[in-house]
Amino acid sequence: MRPNKIKQLWREGQPVSMGWLLIGHSLMAETMAGLGFDALCIDMQHGTTELSNLLPLLQAIALTDTSPVVRVAWNDPVAIMKSLDLGAYSIIVPMVNTAADAARAVAACRYPSVGMRSWGPMRPAQYWGADYLNRINSEVLVIAMIETKEGLENLDAICATPGLDAVYIGPADLSFALGLPPQSDSTDPLHLAACDRIKEAAHRHGIKACLHCSSAAFAADAVKRGFDLVMLTSDVGSLTAGVRTELDDFKAALA
Amino acid sequence: MRPNKIKQLWREGQPVSMGWLLIGHSLMAETMAGLGFDALCIDMQHGTTELSNLLPLLQAIALTDTSPVVRVAWNDPVAIMKSLDLGAYSIIVPMVNTAADAARAVAACRYPSVGMRSWGPMRPAQYWGADYLNRINSEVLVIAMIETKEGLENLDAICATPGLDAVYIGPADLSFALGLPPQSDSTDPLHLAACDRIKEAAHRHGIKACLHCSSAAFAADAVKRGFDLVMLTSDVGSLTAGVRTELDDFKAALA
Amino acid sequence: MRPNKIKQLWREGQPVSMGWLLIGHSLMAETMAGLGFDALCIDMQHGTTELSNLLPLLQAIALTDTSPVVRVAWNDPVAIMKSLDLGAYSIIVPMVNTAADAARAVAACRYPSVGMRSWGPMRPAQYWGADYLNRINSEVLVIAMIETKEGLENLDAICATPGLDAVYIGPADLSFALGLPPQSDSTDPLHLAACDRIKEAAHRHGIKACLHCSSAAFAADAVKRGFDLVMLTSDVGSLTAGVRTELDDFKAALA
Amino acid sequence: MRPNKIKQLWREGQPVSMGWLLIGHSLMAETMAGLGFDALCIDMQHGTTELSNLLPLLQAIALTDTSPVVRVAWNDPVAIMKSLDLGAYSIIVPMVNTAADAARAVAACRYPSVGMRSWGPMRPAQYWGADYLNRINSEVLVIAMIETKEGLENLDAICATPGLDAVYIGPADLSFALGLPPQSDSTDPLHLAACDRIKEAAHRHGIKACLHCSSAAFAADAVKRGFDLVMLTSDVGSLTAGVRTELDDFKAALA
Amino acid sequence: MRPNKIKQLWREGQPVSMGWLLIGHSLMAETMAGLGFDALCIDMQHGTTELSNLLPLLQAIALTDTSPVVRVAWNDPVAIMKSLDLGAYSIIVPMVNTAADAARAVAACRYPSVGMRSWGPMRPAQYWGADYLNRINSEVLVIAMIETKEGLENLDAICATPGLDAVYIGPADLSFALGLPPQSDSTDPLHLAACDRIKEAAHRHGIKACLHCSSAAFAADAVKRGFDLVMLTSDVGSLTAGVRTELDDFKAALA
Amino acid sequence: MRPNKIKQLWREGQPVSMGWLLIGHSLMAETMAGLGFDALCIDMQHGTTELSNLLPLLQAIALTDTSPVVRVAWNDPVAIMKSLDLGAYSIIVPMVNTAADAARAVAACRYPSVGMRSWGPMRPAQYWGADYLNRINSEVLVIAMIETKEGLENLDAICATPGLDAVYIGPADLSFALGLPPQSDSTDPLHLAACDRIKEAAHRHGIKACLHCSSAAFAADAVKRGFDLVMLTSDVGSLTAGVRTELDDFKAALA
């Protein structure tokens, strides 16, 4: 069984760079996965991927050595189990508010006796390898998003959930929870402090802390602040920035 | 009927900026169309769009005032007529080698008695407007690609084809025709000279000249050299450049 | 940000006419949206649209000034939030049985601090406009269906839910709740009385009352009875009636 | 093997009523097929069906006893052979201009030694039945559209093509050929005369004549004039008419 | 209304053979349905079918007299109600742990007053027939999977649920519940005993017992042991076995 | 650039085993590709794959070391060039009747100056590798089907076409050409002789000979007779055989 590259990097003490896929198209997935991220997250919450078009995206990412991550739209066992059956190696669960929420996410990601995942990996045997059953429970990463008031209140209890591997910060929703307008790469002191508080709680409980950023500079700084995984840029984000630069340069050159 | 923005700009003596859509996804289409290009070309030759998924892309582009262009995969009346029925306003036809090829492209774009287009515009009447029949033959632009040895040999005859509105240069295939490796934004003197020769032939016959570029700088320069429309950047191109910059900056910041 | 036309009409004291889309096809959506309804509802409960094909339908409707409404299949935050992210302006939630159900629907439709909607509108910025964040919470309409015995028992409590904008009557399921067979445009006195009772409760709590009809005559009568929005006809309904008439006329003419 | 209902009706001297499918959606196909037409034509020329979504439409129609017809977009052996492999029983070929065109269409519809169709029916054996090979060449109807100037000029030669079963009149394109604006159910004497001339040529050569109409009245009249098959109404046509009536009635009732 | 063949066979005291569809493709569905199974189950839990592509599969199966069964991914009213609206005749619900779970599944499958199913069958009237409303509540089979520790503990209570028609054993998940590795056609005495215990509980409460097998031999034996329905083989299972045999034979013949 | 495994095996003097994909589904593609064939052919002529769903199939096959082959539906440069752009390594062209046909197929598969392929490989650079341009012309295999009377008459001229790599026998269409009913694994002496004649002509001109079989036994025998590549079994073929065996065994065991 192919190992989970995120876990490998973490074992080596390396920070993980992650990209983000909003456009659920298999050529976009292969393109993004081939650009050099350690991991690529397919966003089923605020992106265009549904379970019905997830398989070709995971097949496309598996053509590279980038680790396939799925953010499900909700803490829903169907979405989690199917994503794993189709080939996801890590699951990000949004809006985890309580330790019970986190435990429910963990349970959906692990076969019994640890959890309640149902047996039925869909990909062909040669994709998974003969050691799938023995290794999959420990290869899959379960990552809970802390981004609501209630989540912040239950931060320690969530981080202490057995089987949880990491927490992930969604900065826009966290802004709401802090009474701020939604913002990426926020340098509001209140926001920065909340992020660090989450990171420290995670580390205190022996799990990893991940931050959703929108630029290389902010992401690199986050690594220096101690985050273990950073999301740098999405397909739509890089595209939009890239096209705007081209159009601005074009107009400037002709002006 | 909504006018063809490219024709409007040309009437005003303005150069036209065009983007390029390789990923056939309706959110990508709406995103690209909203970034400020004058026109956006859906590539059915070397992109992932087929006739079966063209409609939502044209609907998405029609949400903006960017002019919808389709490059068909071949000088094929089915592809041309369906693209027009679904809402394209300009058609780029690859590998036009002779005046007969050009005439065939023109015929597929015009209703009789001018051409041989079959009647059956698919979009609802309110999309086209009540004046569709009277205006569509003159609003649609027919653009022939000159990119082969044979096309270069027949340059003048092609440009003289009645009803042809413009020629379009595909630089990679033109490179092959000139005995060069395929290249974008080529500054090889042979390539530059061929482009200028095509442009001059077009202008001599009272039609427009368009150049497929890969950067703002080269495109702006092409406008200064007299080209009437320039393709600046594609979705995949800008995305790839943007992501690579982010990843490089990230690694540099952490080094 | 484009205003919600239903809200505008209601502010002007006008009744709203709505169509219904069962066939989840983007040409059908554009066709129906262009025929003159004030609003068009995409039915995800008993129609063929799923989240995976919702985007092109909303893009198609946005080509017209008809207001896009989505009936989700269930009081499910994922379906509600994604529909809004993709461009719905009003959400109809079926089988609302209690005030808690209604509050849950409202929460999914509003960003904090009012509700619990997660940040991530998918459409391009120019679609939403720069004022999206400030206006969206008040532009989106939340509409609860009253159609079960339990819903009828909790009618006043549901109508009193803070943030709820309207109630909507599903006549077939309401028939079941009243011990009647499912029927459209029912003139059963029991059914008529229940509809009026729901309408009056809504108005008593300062919210609007909407009725799902199957014909112009019944819908116009409902407006006269005080309903604020009426669904007149669906794609499949009008098509079926229209085709049957043609076939009957054809046979009669040949008999 | 299920017989071709059109052929059966013609053997009995009955006229054939046909519907038209522009929206390539399998619920629309099943709905239209169930309303009582003798035949239903899937339009791949000016409708939204491509080869990639043809199969479920043909499966849906096969749930009823309505005969499945396909209008291909062009006289193209790929489209014709695939439509037959997937379950079409009759093929309408547009823009047949010469006897050679007609012969080419016939050849694509018949296995050798009669034609050049390639072997590979895709549907399961039980769908076709054990007698498929022996019967299919004679069950499939090949129908050529006469709708261009050139087609009119070669009318007799086309009708005399061995193996051709019928001609079909596309009234809008025929209008162009006659120097008229495109129109349905045209009562222009020039148009009526051309239609009758085509019908008579067909009958003279022992083949059938089919007319594309837009209403029951015109279609019934065409039958009385001697046409063997009439298209009455399409999905989009009946839907549009039906919805417009409902909206008009609604506004009138409220005025 | 077409009767449910499974119910018919059970009334006649016949065992039912069932196939399994993992590949959600309408040609695969028609092919599998035509091979002679009494019933064919579309697997939405561990197969590739989602609600968005379920309709053409059910249309394809309806071309044969094989009874269409759907295994939903979860005890979710949306999935159950839509599957029924689209044409499923039997619903298998995974991971039923308690009598309340079973009652919830039953309620989603029956219209009021028996259950809470919402009115809106999507298929055309002629598919269902005029007696749909009167018969559907009794034609639809509700089948609960017993496959978890908790389900085993509540076995009798689940089997006693009013309206439940049968229980279904998922052997792999049941293996987990028994502390065994997941296995098909298990002959582990613990597993065999659990299966028989479930079967006897079902029969004691007057409902049927179904077993998911992976081979004809094991399935036939299960019938002899008293099971009322057996799943024999899936599309992927038979394909994989068939191809491996061909490749082995080929290599052996060349060795 | 990943080498073409078929070419490698042929260089080593090994026969090539090939599977056949009729069901255009990416899980089916990955499953078939993982079972041990040297090559897997996606059939666009008599299978359900169109250009619009080809990409995910090629991505899925690329997850294995099975060589991806595409049979296009016709000798059409669009289909050939797009298949190559999307990742096919070998192209089988049906119904090649003349040397001109074969030359046209070769031209579509090779960039200038050898052929007329247009530049624009769609897959990401890391998929193809940096040496793509230098190697692709020689890695791609062009394979012409000999299966018509005219093809047999021009056998030598076709085999002598510069750049053609192999011929492929479609036994069903060849049966027609020989005046026989379509049949797989035909042992009719006339058919066997024709196959051997084609094989010998190929070898005489230094190219390879391939045979489409339907069983391991016939395929192994073909290798012994000197064929260089044999198609053994398709997805639908193996599935159908496998399911029938299971059902027969089941009925026999219960009888």
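Letters A, B, C, D, E and F mark the chains as written, and numbering starts fresh at 1 in each.
We take it that a contact is a pair of C-beta atoms (placed from the backbone, for glycine too) under 8 Å apart; a residue touches a chain by one contact, two chains touch by 3 or more.
None of the values given here were measured: they were computed from a predicted structure.
Chemist: If you apply the touch rule, which chains end up adjacent to both chain B and chain C?
Modeler: Looking at chain C and chain B together, the chains touching each of them are A, D.
Chemist: Between copies chain D and chain F, are the contact residues mostly the same numbers or mostly different, with half as the line?
Modeler: Under half of the interface numbering overlaps between copies: different.
Chemist: Which chain lies the greatest distance away from chain C when centres are computed from Cα atoms alone?
Modeler: Between chain C and the rest, the longest centre separation is with F.
Chemist: I'd like to know which pair from E-F, B-C or B-D copies the B-F interface, where a copy means over half of the contact pairs are the same by residue number.
Modeler: Within E-F, B-C or B-D, the interface duplicating B-F belongs to B-D.
Chemist: If you tally contacting C-beta pairs, which comes out ahead, C-E or E-F? Let me know.
Modeler: E-F
Chemist: Counting in whole Å, what is the centre-to-centre distance of chain A and chain D, each centre being its mean C-alpha position?
Modeler: Using C-alpha averages as centres, the distance is 53 Å.
Chemist: If you average the Cα atoms of chain A and of chain E to get two centres, how far apart are those centres in Å?
Modeler: Here the centre of chain E sits 35 Å away from the centre of chain A.
Chemist: Could you work out how far the Cα centre of chain C sits from that of chain D, in whole Å?
Modeler: Averaging C-alpha atoms per chain gives centres 38 Å apart.
Chemist: Considering chain F alone, which of its residues make contact with at least two other chains?
Modeler: Within chain F, residues 22, 27, 31, 48, 50, 52, 55, 122 contact more than one other chain.
Chemist: Applying that definition of touch, give me each pair of chains that meets it.
Modeler: A-B, A-C, A-E, A-F, B-C, B-D, B-F, C-D, C-E, D-E, D-F, E-F
Chemist: Which part of chain C faces chain D closely enough to touch in the complex?
Modeler: It is residues 15, 17, 19, 22-25, 27-28, 31-32, 35-37, 48, 215-217, 219-221, 223-224, 232-233, 235-250, 253-254 of chain C that touch chain D.
Chemist: Give the list of chain F residues in touch with chain B in this complex.
Modeler: Answer in residue numbers: 50-52, 55, 77-78, 81-82, 85, 111-113, 116, 118-122, 133.
Chemist: Give the list of chain E residues in touch with chain A in this complex.
Modeler: 22, 45-48, 50, 52-53, 73-74, 76, 94-95, 147-149, 170, 172-173, 175-177, 179, 181-182
Chemist: Contact residues on chain E for chain D in the complex?
Modeler: Its residues touching chain D are 26-27, 30-31, 34, 55-56, 59-60, 62-64, 122-127.
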